[in-house]
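One chain, chain A, links the two complexes that follow: it is found with chain B in the first and with chain C in the second.
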Partner chain A sequence: MAHLRVSDVVRRYGSVTALDGMSFAVEEGEFYCILGPSSAGKTTTLRAIAGLEPLESGSIEFAGRDMTRAPVQGRGMAMIFQTFALYPHMTVAKNFAYPLERDGVGRAEIEQRVGEVAELLRVTHTLNRKPDTLSGGEQQRVAIGRALVRRPKLLLLDEPLTNLDAKLRHDTRAEFKRLHRELGMTMLYATPDQLEALTMGQRVAVIRDGRVVQIETPRHLYERPLNTYVAGLVGAPAMNLLRGRVAAGNGGAMLDLGFAGIDLAHGDTGLTPGEPVVVGIRPHDIRLGADTGRGRVLEAQVHLREPLGDVTVVDLRLGDAAAKMVVREEVGVGLVEGSGIEVTIDPADLHVFHAETGTRLG
Partner chain B sequence: MARIGSRPREIGKAGWGWTAFTSVVSLIYFFPVLWIILTAFKTRSDALAVPPKFFFTPTLQNFTNVFFRESITAQAAQATEFPLYFFNSIFIAGTSVFLALILGTLAAYGFSRYPLRGNDTYLFVILTTRMLPPIVVIIPIFLMFRLTGLAGSYWGIILLYTAFNIPFSVWLVKSFFDELNPEIEDAARMDGAGEKRVFFAMCLPQILAGLAATFVFGMILTWNEFIFALLLTGVETRTVPVAMARTMGGEIGVDYGLLAAIVTLFLIPIFVVTYILQNQLLRGVTFGTVKK
Partner chain C sequence: MAAVRSQEEGGFFAWMMAPERRGPMLVAPALIVLFVMNIFPLLWSFGLSFFNYRANRQDIPDFVGLRFYERVLTDPDVWERFQTTALIVGSSVLVQLILGFLLALMFANQFPLRRVLLMLVLAPMMLSFVSVGVFFKLYYEPTFGLLSQAVRVFTGSTYAILGSPTGAIIAIVIADAWMWAPFVMLLVLAGLVSVPKYLYEAAEIDRASWWRRFRTITFPYIRSLLLLAVLFRTIETFKLFDIVYIITEGGPGTATETIAVYTYRVAFQFFRTSQSSALAYIILFVVIVLTNLYLYAVKQREREVS
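What follows is the complex of A and B.
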């Protein structure tokens, strides 16, 4: 049985539906990510689980108990807020102690546990300071510490890295993984950043308009996105999505992309000839150079180069369609903007989606 | 607060020209007050001298006159009622501003945190009570007070001043609550705090500076109020502005030295309150603007 089960949760603000039948289940000890763009319902989902939002319908079960109508206090959960939400009028030590005091923990034990958590998060030197005198990274760690000090059974994290600079984000990602491994706590992590979801999550729920689109491990999410929405959200640079049409080819289906046709290697794909489709190909799967043994060779034009240091993102023109390709930096240096090149695409790397619904085909 | 601390350096950067200009403007504003304070130390002839005297031999006679009156019939000087009037002003203004602050804070929290349909209308209605000039409502209020026996009593004038201060308190304190990060309150709830604790232990401590500023502004408004006090206080509950007006006229005309001495003394309590709360006041009036 799942540790946390969110079933058909609906939450409306006036005429706006924030959660529209949100359902998913988290196992005990899992690092579970909710991925979606802003206003997809990530924060509302976490707040609903915490009991901070009343529900129109649906239910929330946690640790074998129905929590749908339970008060916020005493759900055994803790949350790290996007704004950190430290108590500004209290010192760091008081911030840590506050949840313990409310739980009626004794003075001596409070002191010991505050010391422990400060050490775990390396903020011992800040204990007597007020939050507004701390750096962003320190504030973040204090927020984590205050959430951990009660040893909650579930930790909710609402875009906790959004307010940090790039370097700190990277360090804190590693910090979260370390804490998860050391404490073995169930963590539910909401983020708009696919990189965070893929690097940290054991499973990822991709949401859209208050509803789950796909739940998968990061690997599967990347390899078999269920529709064009997930395909566009997961992976960077985003998957190239090209308009095309199914045609009959040699012994199987062929994809007509307008500027070229690609035979699909696998025999019967269930594709109907004549059907309009969207063809997806990841920038990493477009290979520079002609290699007929590996797939279909296409003529392309180098439009723009974006050197990123280790790799270069190349903006290609394939006929009148645009696509991005990623090559190693030393290769990218040799490409001249405006020149023609040859690229190879392996048909097995193609993702085919329905042109209108965006759903994966085959 | 760090930014406020760094401000003197910025003023220094503005240069002497700007500093001199602002000093002159400040002097123009402060001059009447300065003139009153000077007059308080002048003899009757110095006070009325033409052209006005800037240099004179100071005297404390006017201050003595506030508390002791020469009497034609009695041998010794008689004590005046001014100590009582000063007490009345402090007691009445202090109590009513404090009450208005408590009621206003509770109402402001409700308006800020529990939005109901029509809240904006209620807020506006509260404000409309301050739109009528006192002179328009004074007669019905006077009649009501006489009917209920409130006229002339402490509770009558305190009740009125409390009502007079509530709109201002509600609006100002609501703006302070609106500035707070509601996630802090949610964090407290998840940490086990009930609604009472969220209010007392989380919200109130964060707006203390704002409450202090609201208190001072309310004090200044109430302290100087004249027309309601004139009609609704009695012999025992008279406030200083009313008593001051009553010293004018009579057989010796207007005693400017005496008036100036009363005004000077009258300035002291409000000056002290403002001075004590000045740091809070600065944070209160700049709430939201210097927050990062």
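What follows is the complex of A and C.
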């Protein structure tokens, strides 16, 4: 029995369909991520679950109860908004106390719980200040605190890191994992950043145009993307997607990429010769140097180098196709833009997708 | 030689518009009008309030010091008029606040024909006092007035609301509130639309009821604007003259004679020019005190917010 079940939810704004049959289920205590680019429907999904959006159709079930028509106040969920939505005219302490004040919780207990939450999030020193005097990171932690203070069964997080700078994002990612482990509550986390989804999520739902594309653990999502959309979204730099065609090779199928042909090692691939396909290869899977023992060696030309500090992203030209490769910094330094090099591709690392539908083949 | 130079320098207009003179020259007409029409009469009447003078006699004014101030302050009529004024100001401002508030709550939402309705509701504020006064005078008229006709449908007899002191005060309050509730609405509406929508959503998530959201989110945003509305309307209504003078002329008896109407009578019907000047300055003093009270409250509020 899933803790939260979203079934076939449809939400339209005029002629725009924001959610088009959104369905997924979250287990109790899970850290569940919704990954998708902007306007894919992440925020609308969370708002629908919280009850802030009326639904055209579909249902939302939570903790064994149908919540589809339940009022926002009665759902027992908390939400952290992308903009934080702190009450600007109240002090941090008042912000924390706000969700508690209606339960008939005693003044002493409110004070105690506010103190606990402030300590948990390390904002005790800001309790008597107004939100606009806080730094972005502190505001973020106050927003988290306000959501946690009443110990909700489900916490909805709407791109909570988007408004923070890079360093803070990194720290807060770790913070969320720590909170999840310590508090053990169910968390539903929407983000456009694949890194956040992969590092924090126990499971990730990739969505597109208001619909779920693939639900997997981060590892599987990365290793076996269901289609080119997921393949392009998950992993950085993004997977190289090259146009090609299936050809008959010696003893199995061969992929004709125009500039070269690659024999697929595994025997029966289910690929029909002559079929146009999209071939995906991760930048990390293109290896510098000729190593025939490990795979097919290709001629390539170094087009551009992007040193990132620890690694260098190299923009390659393979015939008239372009691909990115990642090498260690000290190796990347030696590559001259415009020079020819050899790279090795292991056929086992290739992802083959249907040319038109983008669906994974084999 | 001299002629050539003056031609080079340009004529009178060029002299006036020279950069160092341009600014003062441009504001001079306004300053002259302000001085002749406002500041001088103001000071002159202040002076007159210390002299024995009647505008309809040719006697030489003689200095009497604070005699008229003493007379005004000990005059039981003045205190009665102040009470009448306070009653009208209090009830009218209260009605304006309530009406304006409800209207603002209504217009904060989107609904069909909102813009058209909004314009209609704002119309009274744009009218002149005289037309509002005449309109309500006809409206309250006992034989053919709309109100009387409407009452007759139920009671069978005509109704003269202006006939009784209480009725007359209610009539005045209705007319003034009708005219100025839209003003309060505008201010409150400005406050209402300035509340970010996500705060309401956050409060809903935090399980706040409608009333609690209103109290803790909406109200803090409109509190200072409400105070401002009360300030403006109190000061304005305190000086209420036109509507009262046209609808009731202060009657029946002196039931609706506000301090402004009383001052007018003293000045231009009894021609006690000095006494009316003294009275006018006492009113000015009261208004200044009121203004500062409210300004103090507004500042206090600002300190709370920031």
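Throughout what follows, the second predicted complex is superposed on the first by the 362 of 362 C-alpha atoms of A that agree within 3 Å, B and C clash if a C-alpha of one lies under 4 Å from a C-alpha of the other, contacts with A are read in each partner's own complex, and residues count from 1 in each chain.
Note that a contact is a pair of C-beta atoms (placed from the backbone, for glycine too) under 8 Å apart; a residue touches a chain by one contact, two chains touch by 3 or more.
Only a predicted model underlies this, so the values are computations on that prediction, with no experimental measurement involved.
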Partners on chain A (chain B, chain C) - clash or fit: clash
Which superposed partner A:89 touches (first chain B, second chain C, both, neither): both
Chain B versus chain C as contact partner of A:339, first or second or both or neither: neither
Which of chain B and chain C A:57 touches, first, second, both or neither: neither
Partner chain in contact with A:357 - chain B first, chain C second, else both or neither: neither
Partner chain(s) touched by A:39 [first = chain B, second = chain C, both, neither]: neither
Residues of chain A at both interfaces, chain B in one complex, chain C in the other: 47, 50, 52, 72-74, 77-79, 81, 83, 85-89, 98-99, 102, 146, 150
Touching residues (chain side chain A, partner chain C) in the complex: 47, 50-52, 72-74, 77-79, 81, 83, 85-90, 98-99, 102, 130, 146, 150
Touching residues on chain C, where the partner in the complex is chain A: 196, 198-199, 201-209, 212, 216-217, 220-221, 305-306
Residues of chain A that touch chain B when the two form their complex: 47, 50, 52, 72-75, 77-79, 81-83, 85-89, 98-99, 102-103, 132, 146, 150
List of chain B residues in touch with chain A within their complex: 181, 183-184, 186-194, 197, 202, 205-206, 292
